[in-house]
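Report on the structure given below.
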Amino acid sequence: MNRRDLLFAGAAAVVPHVITRASGQTRESLVEDVVTANRILAAQEIVDAFGHVSVRTAPGAGRYLISRSIAPAQVTASDILELDLDSKPAASEKRTSYRERFIHGEIYRVRPDVMSIVHCHAASLIPFSITRIPLRPVYHNSFFVGEGVPVFEIREAGGDTDMLVSTPELGKALAKTLGNKPAVLMRGHGAVIVGKSIIESVARSVYLEVNARVQAQAMAMGVRINYLNEGEVKKRTEDPDPYSRAWDLWKRQAAR
Amino acid sequence: MNRRDLLFAGAAAVVPHVITRASGQTRESLVEDVVTANRILAAQEIVDAFGHVSVRTAPGAGRYLISRSIAPAQVTASDILELDLDSKPAASEKRTSYRERFIHGEIYRVRPDVMSIVHCHAASLIPFSITRIPLRPVYHNSFFVGEGVPVFEIREAGGDTDMLVSTPELGKALAKTLGNKPAVLMRGHGAVIVGKSIIESVARSVYLEVNARVQAQAMAMGVRINYLNEGEVKKRTEDPDPYSRAWDLWKRQAAR
Amino acid sequence: MNRRDLLFAGAAAVVPHVITRASGQTRESLVEDVVTANRILAAQEIVDAFGHVSVRTAPGAGRYLISRSIAPAQVTASDILELDLDSKPAASEKRTSYRERFIHGEIYRVRPDVMSIVHCHAASLIPFSITRIPLRPVYHNSFFVGEGVPVFEIREAGGDTDMLVSTPELGKALAKTLGNKPAVLMRGHGAVIVGKSIIESVARSVYLEVNARVQAQAMAMGVRINYLNEGEVKKRTEDPDPYSRAWDLWKRQAAR
Amino acid sequence: MNRRDLLFAGAAAVVPHVITRASGQTRESLVEDVVTANRILAAQEIVDAFGHVSVRTAPGAGRYLISRSIAPAQVTASDILELDLDSKPAASEKRTSYRERFIHGEIYRVRPDVMSIVHCHAASLIPFSITRIPLRPVYHNSFFVGEGVPVFEIREAGGDTDMLVSTPELGKALAKTLGNKPAVLMRGHGAVIVGKSIIESVARSVYLEVNARVQAQAMAMGVRINYLNEGEVKKRTEDPDPYSRAWDLWKRQAAR
């Protein structure tokens, strides 16, 4: 029994082995992707003990896969639950997912283009969430930042809270701030990053963090910054598959 | 004999195997926690060759467990000593604990709510101890910073010293500056972080460091910062168990 | 079969085992150097999933060796292709190299002194490419920075693009901006570093990154900086072999 | 044959197995210390492929031990040479040490109190060597910085050079700038750190680097800094053995 077998032991018992027609991916393969994404995000230090990643079960589907409430670095296939857009599991499911699972359900509800969602707390993103300085695209692999990264002020949506998006209402408010953008910062908390695939949501998470570091350093040098312009962002967005090479490498590194 | 057995070899010889009634934890389990906390703090780079962590033997007890004077990364169960609130071991004990053990004894004496104490030297904390800029809460997992983190100026308590809290008097002065707060910085030296459990003191140590890095970065961006407000800090403080998931992950990582 | 054998398994099938007369290096040895350079650049964190390195097949030759389009950390001998100065492989070759391979072909075309080229995205270089602050030599092992590191503004050469040097025309424009210098930054993208040997291009890549970090830190301290002067740069340039010791160490570290 | 045996294989052939009377250390033990110091400095990232460390053979002796010219991470006992104060080996020795060995010989010549010397290039030190901002003590374990860390401007001593202290004259000039201090920065190059033992020179190297990082961060916060004062530096200097615990830990870590 090799490492991969160990990682995915138990998967068969949890999720039926049927083809998800629209995407052409089996359920088992989707579960494996969610496990891999968790491991990649931990290995790339985008998440620590907290944070989560989900994938929609199929284009247009009203259900998504996400781990039960454990640290991303520890997720295996048997930890993956299936929730509906109210972020509820099947009645027979006794385990619970993250308190902030509503982030996922409410975004999937209003963004049919979104197939995967990451929530993270990367430290370099926080300064851009607590100042009035917007993230802007400084690095070609972070081109999607040019589409805009708004900041979610939970205080406006819920008054004084424990900062967590732990209700459907807060999830809806967050989804509204996200709008049609690729990512949203959460004030004093972290970020949510979406994608049309799990490769895209994970890679955007990594390169959002790089953009924040580079932009902060450039701003510290105290001069006018030459950002990617609209035309450049648009041209780069036309690349149908900018991140597969990174996913393949990260997957191999995370498996160590 | 596996790794865990090796780590705790000798524990039985050192500490009696009785139940600590109030907490429901056996002495052996408490010792294991102190060893784990030492390993976590080293693996998370909160301590280097120096720094220490202790746990009170039971709620209300006048005794605490702490390692003899060695680097946290090297601590095993057989290194754990039991000291009283004067920071003295039993008469039969020939080994000595850290020169700064009075930090622990004097805080336990005046803070019955405190069950565990960490002393560390994390580099990112030092700038906040040598400037007049207070730590303030910028990150939701560092919410406790909002309760206040005072700075201990040893020069006021002891004149020109070797900077170490190596006497009961200096320990009392430090405890007085700490007051009822979750942590205190020590000018040009480091910090002391307390908790109602060892999980809390360790996790607060990790997230105090994150807060310092994030706050320094946000301040470097030269604009007004949107801190967590009082209501948010209060709400988050109501979470009875915000850090267990982190402890579980860190423990596994530190065991590698 | 040891690790080195595994790395280079298949090399014999791909590249003929003849002596490259001018350099006295066999083709097999050149291929091994390209593989090693890829592994070093990944281990030193100069490249991530993206970036590439090439070597000219012989002094004066119109051909160069470069990997097919995969992440540098994954390159083995069997991935190495041979391209001509139009960056085309032999007609029988079905695999393709990187989209930005024209960086290599067009620089080799106009710089007969150049035997090796690195393209990287190191984050600390980007701020110097998007501000008007030039890289200047602050560190003795980065002395070559004193020869000048221009910035390539792809917008001037190609209008709004996807930021990639993916055509011969853009490659020629980049080569023109590079001129006779040791390196060129690419705005919002990365850098290209050349050398008269693969050891030199790789070591310059590492020390260009160090220079950027040190210069940014010195500038943050807000005072006049004492750079290496022209005479010092010239004197240091006379060292015929400043980097072999580093190459030997990095090679060993990358093989782990 | 365990790892330690491997590291020190060949030592017996190189260095005679006699007691160095004054220090009570055998030659073999001194050689082992130099090897350990090299490995520690590499593991702690104080040196990279370059840098060196030496130890005087005995108090008052006119000879010192240092590696032949290889990267510190690769040094084994069989690489250690013995040089006199002119930095020359015995006539029968065919191997050569570092080009900058004169740093060591010329400092030992004028500083009878010095038993060990480190030369390093740590990046965080360079900004303090190229600006007019002096290193000052901000951190209790870096107290020795309070004795003063002058900057060596090689241009004053030798005009435009290749930046290397590669002659006895430059070594003498460096030793003069060092004076009776614990360390000296070298403009655009690195630092030399001395100690009354190899533990002291190595630990000072590590904590000099920490001080530079902390001081730069504190200065970036733009306010008046509360440095250790003279009395505190003096008091801390009275500790006869502040660093043995660190050496023991680092040695174990470097042996991995």
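We just call them A, B, C and D in the order they show up, numbering each chain from 1.
To be clear about the criterion, a contact is a pair of C-beta atoms (placed from the backbone, for glycine too) under 8 Å apart; a residue touches a chain by one contact, two chains touch by 3 or more.
What you see is a predicted model; the values in this text were computed from it and never measured.
In terms of the stated touch criterion, subunit A and subunit B have no partners in common.
Farthest chain from subunit C (centres taken as the mean of C-alpha atoms): B. Per-chain Cα centroids separate subunit B from subunit C by 47 Å. Chain centres here are Cα means. That of subunit B falls 33 Å from that of subunit D. Contacts with at least two other chains are made by residues 220 of subunit A. Working note: touching chain pairs come out as A-B, A-C, B-D, C-D. Contacts from subunit B toward subunit A in the complex involve residues 137-141, 143, 210, 213-214, 217-218, 220-221, 223-232, 234-236, 238-239, 245-246, 248-250, 252-253.
Residue ranges of subunit D in contact with subunit C, taken from their complex: 48-50, 69-71, 73-74, 121, 123-124, 126-127, 130-133, 153, 155, 159-164, 187-190, 216, 219-220.
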